[in-house]
């Protein structure tokens, strides 16, 4: 049996501009893995490739099945929830409507209400603003909303694209804490793309460093955190 | 223009001149209308094909030109040839005036505004306060002009030659306009008006003038058409007239002078043939051809001809190459 | 005073029809940023279908509902087959396709049914109610319009599918990320718009009589209503529809005469486009360079 998520020799391009040059990595079930690297390294493109939002060559396997030739809407139905960069909030709909949309593909209507309660439990501020138009929420609240919307899918795998972007460090800590909890209690695997390497390495179990569309380094988060050379050369701190 | 291009054009002109002498009077009348439509289509193509401003209401300018000619001839006894400059001037002004507010409208919105104009036109023409001039619902009947200087041809043939002469002049004018700086500016505005504006081109003037000149062409065509048909009435200038012009330039070929001729032949003769099948058939055919051309031949007949010519030239070159 | 009231009420009745059609236009515009020039012909074609059913002996209301279903399916099919290939094409190509659709629907109807004018029955009694102010059909048309609008509102506001359609229209990328099949949402939107158009056509046909060109003027008023209300604002479109209906009737009866009523629509359209393109209730769009 192969890994939970397996990416083999993935190439991706925007028009004529190649961004991924044969990226390969794998994830075990139940873990949090982080993809690190500088701006433009191809981290966001990797996540988008997983959801078939860019054209790719190469193989992507999820729970043993190939998903690289499928449509985004079908990949979602396999249990992969993507929290995109920029959050992808439906700004003209209410907070609660955004959350309900997260559960759009689910058949078990009765459990959705329970999940809604659970999500409000993680993020009480969302409950306060449940009827409010989502576009009027603050940056931090919209990030919580985006994560919650993904949780409403009851995903097996969550893809998070720069969840710390534009947020105050305290809020990032709070958010990452909740992500840890969700991972442990609900066994949701997570693939987190981050520029904030320090906080990402605290959250994750494993890490890959990407540079110009290729994996240049991999290891457990602890190893990479300990290695001063790596930190200075690739992660800038 | 190269020597190579001159030859087919000369041949075409020769054929056009010889035509009335060999076909029946009714055919002469039909080809007269082809020339009229060609001028109208050239006008619309200037605006929509070259300059990217979509007009679904150009029938309005055709109508204005037609009524100008009819009113001048019927109410004021103006000779037929003198109505053309008047129709042209009135439509130039009308087009320019319409083009000014239209400056703020892009693509779809301009199409919408001109569509509204085209739909409401017959109602406007029937307005009873204008009846003294427009003749109301019954319209105006005008007399067919006689050939001058006692030439040994009949009225239909004379009208054809007259229209041919006007058409040649107007096509030459357009060709000259489009191959120079003005033509390049129009196309640049169509393709990327923000960049063009940033380069210092006065978009407002070009776009309004494009509207004006385009309306002028279609207005002159309208006058010629009224003289040929000898009748104007509101219901012949409904939205379908505007749509038939659009169909003509799409099928003939956008942004192409020869396209105006192909298009005119198409819109004049397809209904003739299709009418045999049923009254509804011409428009069904127009619609199907439109969709077909958009998907399969977006460059129109003119584009297809260009491709065919290029293909033939390549074959000729290849066969001359040593193996 | 009596006459004014009569015109206002009649205006509300036709206004309801404009409101329905305007709503259909706005629904398609919101989802695709395209103006459906063929909306009127779609409605007309559906109304002729109803006429066929009624002519064949089908009672009015069953024919009504069958027509609504027919129109819905037709809208879905047209979106999937004809519109989808040109969704992202240049504006001129899209406009041409819409015009082609308009022309084909118009001519096919003329071919199947001939161009002679036909009468279309009203399900409402012939005697005027409310005294001389309003015919039963006018009152009925308002009623039907309101029911349709209420049903639509409830659908979009309270059902998961309606929510998904709103999401797909506003943000197709995010919609895909929650598993919504955006393409089918568009087709559904077209189906609904066509169905609404069919209802509008069946309400207006008893008044203007059935003929392939009957929706031309109505479409123009609907465009005016949609623009006045803001082309991306469904509520505005509805309000705009009633406003335009009343305005048309009152101006036509007392100020400019019946012949120039269509000019009211023309002036409104051009006026709104030039002065306030976002309409009275809409939002302004900024295009990125």
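The letters A, B and C name the chains in turn, as written, and every chain counts its residues from 1.
Just so we're on the same page, a residue touches a chain if its C-beta (ideal position, glycine included) is under 8 Å from a C-beta of that chain, and two chains touch if they have at least 3 such contacts.
Computed from a prediction, not measured in an experiment: that's the story for all the values here.
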| field | Touch-based graph of the chains, sorted into line, ring, star, complete or other | value | line
| Chain pair that, of all pairs, has the most C-beta pairs in contact | B-C
| message | For chain A versus chain B, what separation do you get between their C-alpha means, in angstrom? | response | 58
| message | Can you work out the whole-Å distance between the CA centroids of chain B and chain C? | response | 33
| Between chain A and chain C, what's the gap in Å when you average each chain's C-alpha atoms? | 43
| field | Touching two or more other chains - residue numbers and ranges from chain B | value | none
| query | Touching chain C in the complex: which residues of chain B? | reply | 48, 52, 54, 56, 101, 104-105, 107-109, 111-113, 115-117, 119-120, 123-124, 126-128, 194, 239-240, 243, 246-247, 250, 254, 278-284, 286-288, 290-291, 294-295, 298
| query | Mind pulling up the chain C residues that touch chain B in the complex? | reply | 33-35, 37, 82, 85-86, 89, 91-97, 99-104, 106-111, 115, 216-217, 219-220, 223-224, 227, 257, 259-263, 265-266, 269-270, 273-274, 277, 289
| Across the complex, what residues on chain C touch chain A? | 160, 163-164, 166-167, 170-171, 173-182
| field | Residues of chain A touching chain C in the complex | value | 51, 53, 72-73, 76-77, 81-82, 84, 88-93, 97, 100-102, 104-105, 149, 153
